[in-house]
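You will see chain A twice below: alongside chain B first, and alongside chain C after that.
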Partner chain A sequence: MAKGNKQRFRQRAAILLSIILVTGFGAAICRLGYLSLAQGSVLSEKAVEQQLKDTTISACRGTIYDTNGKVLAQSATVWQVVFAPAYFKNDTQRQIVADGLAPILGMSVADVLAHAKKNNYFEIVKRRIESDARDKILKFIDKIEKEDGISNVIELIQDYKRYYPYGNFASAVLGFTGSDDQGLAGVEYQYNDYLTGKSGRIITAKNANGMDMPYNYEQLVPAQQGDSVVLTIDETIQHILEKYVQQEIVKDKVINRAVAIMMNVNTGAILGMAVEGGFDPNHPFDIADSATASAIKKLPVAQQSNAIAAAQLKQWRNKAISDTYYPGSVFKIITSSMALQEKVVDDKWHYTCTGSLSPAPGVVIHCSNTSGHGTQNFLKALCNSCNPAFMTIGKSIGAARFYKYFQAFGFTQKTGIDLPGESEDIFFKHDNEPEGYMDAVDLACASFGQNFSITPIQLITAISSVANGGNLVQPYVVSKVLDSNGNVVKATEPKVKRQVISSDVAAQLRSMLQTNATTGGARNGYVAGYHVAGKTGTTEKKDHLQGPDIEDYISSFCGFCPAEKPQVALLVYFDTPTSGAYYGSMVAAPVFGQCMKEILPYLHIEPQYTAEELSNLDIKADSYVGDSVAKAKNSIQNSGLTSIVKGSGDKVVRQIPESGASVPKNGTVVLFTDSKSAGEQVSVPKLTGLSMTEVNRIASMYDLNVCISGASSSGGNTSVTQDIEQGTLVSPGTVISISFANSSSDDSEDIVR
Partner chain B sequence: MPERNNYSLHSGSSVQNSQGRTVNRRLPQTPPQSAFSGKVSKRLSKTQMRFKMFSIRLGLDLPFCLLVLILVTIGLIMMFSASAPVSYYTTGDSYYYLKRQLIFAVFGIIAMIAISYFDYHFFHKLAMPILGLSFILLIAVLFWPGNSEVKRWINLGQFTFQASEFTKFALILFFAHWGAKYFDKTSTFRYGVFPALAVLVPTVGLLALEPHFSGIVIMTLLTAVMMYLYGTKLRWFVMALAGVLVVFFVLLITNKLGYAMERMDGWGQALTYTTNQMWQTTWQTRNSLYAIGSGGFWGLGLGQSRQKFLFLPEPQNDFVFAIVVEELGFIGAIIILGVFGLLVWRGITMSMRAKDKFGALLGMGLTAQVGLQVVLNIFVITDFLPNTGISLPFFSSGGSSLLMLLVQMGIILSISRNANIEKT
Partner chain C sequence: MASTERMYDLSLFESSAVPASPKKNPSARPNKKGEIIKLPKEKLEKIQRRHHNPVKLFVGFFCAIIITAVVGSIVQGQAQLTEINAKIDSAQKVLSDDQSLYTQTKMKLESKYSTSVIEKYASDKLGMSQAQNYQKEFISLSHGDKAEVVDKKPDGFFETLKKAIDSFWS
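Right after this comes the complex of A and B.
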């Protein structure tokens, strides 16, 4: 028994030993091996995730400059508030932080609390807070660290916010950025890769309390500032374009936005691109048009979000490149180029307009002058914008040649402008016919620019080729991309795609268009002293925005200057004016003239006045205040002006127009000699709807000066606007700007009936 | 001294003779057939014995002693490495835990050597008083001031110790005493099972009141080991296992396990937590797994742990081995477990050759306790068992338990002095 026991004891000891060693230690080693080897990568990744704190450093987005270096878009430093909620020790801490931060951030306590309850180390609570809020938060962080022992929970990380100093200005070109600083439209989108820069990172090892570990784990990848972009857009030109387009929109109640594009005809550089009905890039999601905004507010709540989305898409849409339209009679420039290049017309060519033409059996197309223009040579037909003449020319060119030139002028391709969202043309489509096929009616309509759609940018590019001697250029809005040190990263080289027409033909056409803008249908776009060439267009639209029974029109004007050696081309177009005036010559041409009148001197294009124009030039008034009345009268007379003395004093105490202001030739300077007379005022009379002579006569009756703009010199023109409203009280001698436009019934406009 | 005969394992061996200690010579009815005793007697002459290191009386077991010293050294280094950041962040002194542990290690080693000179049979007589003291401590701890919800520690000013540390020793000692005394009768219920239950049940009951779930597990396992060794029939183990399961489920249903249950909640879900609560509960286990996983095969290098930077709470305590794996890798873990394995192997094989049954049972029990704690600790840190608080011998911070452990190692060494085994 004893021996048996002893043996059993040893046996049991051995079994125990093997159980502990083999089973116990074996299982432990297997388990350790499984975790450290098989699961190692997964687990260590998770461990690293909690140990390393990876903080993204936003890169400062590049600046957008105009061509002269004025800042159009810039990023400024703001801050983002980030939680590391895993470091909260309890809900009391979360509540303290939420209560304290919510008012500073302008968020609800519940929202902040929701962020605080996450289980991560990087929870963005609010982006883009300004410096003052940041200061408050820094104080708050200090306070809770001292008073409540909460630390490492709130962090402020540098971020950037986009500012557009000019607000709703050039928004179609600039575009805007989204919440992550990414470009969403315009140059911001197109050049996003350059502008964005590279965000950097700081990777630090943090212990579980969020403090840096005493190890050198920190790795810094600095952020690289984005490249800056220099536009071809000139802020001054852009402002002028936007100003006059906006004025016209108000005046003629244009309901479907308007566009003005100014292009350097030789390079294709866009100097200005005004797309009115745009948005403020600082607040791109707000509806900029107050009428639309208030209309949306009146809608039932259910429909509002859709309406807002539609309105946003509309205001973001760059009408100059994304919308297609029938170019109308402006396209006759292109038809003329074809005709001249193909020698379909010559000096002996003439056409007798009877007011209508039938291009195909059963189809009659009327001329705007339904009684007919009579017999015209080609120049006359162009200046009259005679539709039947151009239908005849189109027929002579033929559909095949027409389409060949249509392609050559770049209408079937995108221009390749460096802006997003460019549309393609919409040409005639016939089943079972090859591309570019036109039947007789198509060809007839196409000859005067109807029934096919192109974009405004395509049109001005094509017309620029006429202006520059036949070369089709590629338009662009960005001239240079600069890195943060100012080195040129990328420069846009002007690109000539092809020569479309010969320089002779181009020169011939330019002089015709100059005639057209001086005495022809486009004379309302004339600018005194400058040899403007241009063509009006009035497009019949088919979309009936105003209702089923009312015809909608697009009034447009495209021209360039100086006619002999053009530098800039300008296309203006107004989609659906509703005031009653809709002719291109009435709506668009004056805007063209107003813009050109300011822009050309700005571009240092020297005026070349005719003798008549010289006689009408304004004179700068000298200062006569303090002079004796006799001396003042004498010097006024010497400078070619007349004087009127008010009051009974010996010395001049006030003068109108004031010193330095411009006075029209033969204008009047009113001298006030005592304080009683100095307060004298007159009520401005109605000066519109009158001829030049009448305006001058009435103005002198009221002791007022008038400054004439528009094609006043041609017969039959009447005044259409006055800058100071009728009935306004002004001092005698005040200069009132009067614009004249041709409104006679025989205006050669291209209305298809 | 007829009583001694009962627990004299070896009879008539030369080793017994060589000592001054009087061991009753029994008639050579059993020839010296023990393979072990024969070998030793052949190799070691009296002269050799005299010049052996540590052999003032008889040599202590040098391999076991060295293994203990190796483990204490590695344990101190790794505990320091694991605790340094926590120590720094909580006390401002990176060496805080090391200093305390080092003092206890030094005293512990001195105590170990000293105790190895004591005749362990002294404890034979003290078995019952020590068991009584264990119960007193287990009761006292429930009312000891300073404990809050969990009542495990007896605080004596600077010196704090877990009552259950003492209970483990008391339990092993009791079973060694009992087993040796009634070795031939322990296969019966009356002498084998009943006394075991009589000791275990109140112990478990008192531990449950603390509560100390891991203590219950260890006590139960140690009881089972000791019963197995002294010859309890296997059917009792089957029945006991069934009984334990029943008790466990009763407690589970009545939700009396409170604290341990809360820890069990997250068992196996450290990486697949779904709720915030779960995420919090399994924080320690999850970060232990992260640490182990981060180690890979070669480890991050000594001192290079990242998880010890407050991610893994209390890395100096139960979870110290997770940091060890992170720093030294799977290979380091295998080496350390190898050292532990050698220790267990040496402890048990040496105890098999102990002079008497009491020494054999005591040595095996104390060794098994170390082995069990190592295995259970690693099961816990690898989320193989619920997180119940089982420390790793020689590694986990805790001066009193290290001291207690080294005292027990001293007892094993004392047993070794009289064991019939080659000790170099």
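Right after this comes the complex of A and C.
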């Protein structure tokens, strides 16, 4: 009996234990299953959030290169100084840190102290500090930790800074970046997706205080550097354009900026785009123009912010693609293309200019030569830039065909250049009339480029089609995009949009424009040794920046070279010169000539001198120092030069011009024979505003040499600049460069309604 | 049932009439098959003494050394890896800092030597001027020997088949 009781007891105990175990563990397993399966994803997210710390590693922005691989914009790792103000124990510590950091960061102690007094764990004190400051801060951190027991209050976090090493060079094309390293203008904006890399991540375990637990768990996803962009812009060509445009702005007091665009006529690649009145991309929010900045400071405080914003927008604006203007007589190239293509004019065509024309009753439009050019053929009319002749041609073409060619040359659409902010044209608009409708006066004005506005990039693209045989090309500024290993990610291929005029018409017009640049109204853009073709333009503006009673003008010149087989086209235009000279031939054409004179040899285009040009070429002075006076004089005479001897010595101790320097043909070499005479100096006289003969006469009176550049020797030229200012003391024999321009006016659009 | 007998001392409940079972002489008892035999002490000790196989001993020792060496090398490798990784990290950090310093310095240098700065210095300080065209001589260079590499298109299916057949017969 006892045995049976024991057994039953044991059995019951086992069953009870089993029930408890099954119930307990079963419940646990079910709960575990529920948490894992039903709430698994939610709980693991919470666990990750609680246990892991995710730090973003920002990617380095790609570099911008010019066409030759020169760096125009590059990013470098810098740091931002961050406080954890909540870890300061007392004000003494805050003061110590503020006193130590302020001189390193270039901030005031009060500013740093203000950051230290905040009540948070992350306070940015200063961004984008460089390596030298960072090293000083690290030493400071060590110092305060050892000496003052201050720790975990200062942190240096990696940041990036965008460098533009050449300041305001090509600023309109490059653009700039914002505080988050995002592109805000120019190529930086247009190609932001390529230039911005992919951010990386560091995932680390963190403790209950949110601090990293090293060696516990760390996973790194490296950042991917942004792609780099190679421009079509050539740094040398860009520099030449900016240099001469800036000089002209100063000389003729241009008050509303200036533009120069050079394009490869066959591919559409933009070799240079100078937009003066720009900004420094390193400090894009600073007002670059000192006069504007001073004027803003004088305004009431309430008005300053609006004025600053307006000034910033103006300086960021790319005038070459965003601003429209009346093209003026330069547009006669397009009208001529239409006329030749439609055979409206031919060799037998002629027109007699009487000084004005009335396209509609009550409207009289004058010619630049108010007394009239007389009878002229088409070439003469183009060289004279005769408005009545072109109004007649325009009437012969007709409004419908005119607008058809206007569209074909791309003026009614954006060019599609890969820069932001491109504007469209502004053409005549009449209520209840179809697009492109022009009345008689509109057509007359349009024929010589007045009363409708286009962008400079549209104009040079259209004129490039005349240069390259009639093909309208797509302009672009970026040739390729490279990844961080140098592999080409994207390449821009030259694109021809359509053929606008036939190659024969283009060739005929090129020849006419070459004549215009040699003996016609564009001869101030002449470059010795190069066959330049081009047209000047002087446009009357509607807005009066100088005052209500003063007319404002735009001076422009557009041409291409070499005329037989053009490689490049250049458009220069100056908005509102105020020095008194405003004609395209006086302001823009000389700049065109100066730019081409430097750029064409750089592009390895060999000069082809005519006999006349060869006879006027400068020659190189030999060395005569140490020679006897007689020997030196003989050598100089054999070189085709004239000698002047100063002093009473037997041997030459000094010569001006020096050995190797250029001397104009028939120029003078001054030989100094003793130290007393070697110190002799003369004051440079005024040599501007004179004819060539007068310049030579006055220069020889002062024993000075002159080097002539600018207009060809066809006469009627006046000196406009001298490279050594009047009154400067120089040695006798010094060569002074004088540039000449044709003083006759050839473009003037006066409209009387 | 036997266990029940052991649990309770039934002898306390039984009379003394039941004679006690005679004591047996363990040495005189005949050995039956399967019964435990008590052996003399010396023999017992001899049997109980472990017999070690020298070959097995050597192999075991050798294996133990190898395993120890392998585990030790793994541990050492891991330790070395950790150290090298730490060194790589710090070297990369130094490289990154140096690259940054290089870029910053290069940008500052480029800004000081831009084309406009050089031109200004040359003209203002050194009295130099632009080279004129007459000072330049244009030389036409021959393009030199050229080799043209033909970019071969991949063979089509039939060409591949034909080549395979040709190579089979060749």
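Keep this in mind: the second predicted complex is superposed on the first by the 622 of 753 C-alpha atoms of A that agree within 3 Å, B and C clash if a C-alpha of one lies under 4 Å from a C-alpha of the other, contacts with A are read in each partner's own complex, and residues count from 1 in each chain.
In this section, contacts are C-beta pairs under 8 Å (C-beta built on N, C-alpha and C of every residue); 3 or more make two chains touch, one makes a residue touch a chain.
The structure displayed is predicted, hence computed values, not measured ones.
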Should A:429 be classified as contacting the first partner (chain B), the second (chain C), both, or neither? neither
On the A-aligned overlay, A:607 touches which partner chain: chain B = first, chain C = second, or both, or neither? second
Hey, is it chain B or chain C that touches more of chain A? B
Contacts for A:28 in the overlay, against chain B (first) and chain C (second): which applies, first, second, both or neither? first
I'd like to know which partner A:297 touches here: chain B for first, chain C for second, both or neither. neither
If you lay the two complexes on top of each other, which residues of chain A touch chain B in one and chain C in the other? 3
Hey, which residues of chain B end up touching chain A in the complex? 9, 30, 85, 89, 183-184, 225, 228-231, 271, 276, 279, 287, 289-297, 306-307, 309-311, 325, 329-330, 333-334, 337, 340-341, 344-345, 348-349, 351-352, 357, 360, 364, 368, 371-372, 374-375, 378-379, 382, 384
Where on chain A does chain C make contact in their complex? 3, 71, 74-78, 130-131, 163, 165-167, 169, 235-236, 239, 242-243, 528-529, 598, 601, 604, 606-607, 617-620, 661-662
Which positions of chain C touch chain A when the two form their complex? 4, 96-97, 99-101, 103-104, 106-108, 110-111, 114-116, 119, 129-130, 132-136, 138
Which part of chain A faces chain B closely enough to touch in the complex? 1-3, 5-6, 8-10, 12-14, 16-17, 20-21, 24-25, 27-29, 31-33, 35-37, 39-44, 46-48, 50-51, 117, 119, 205, 207-209, 213-215
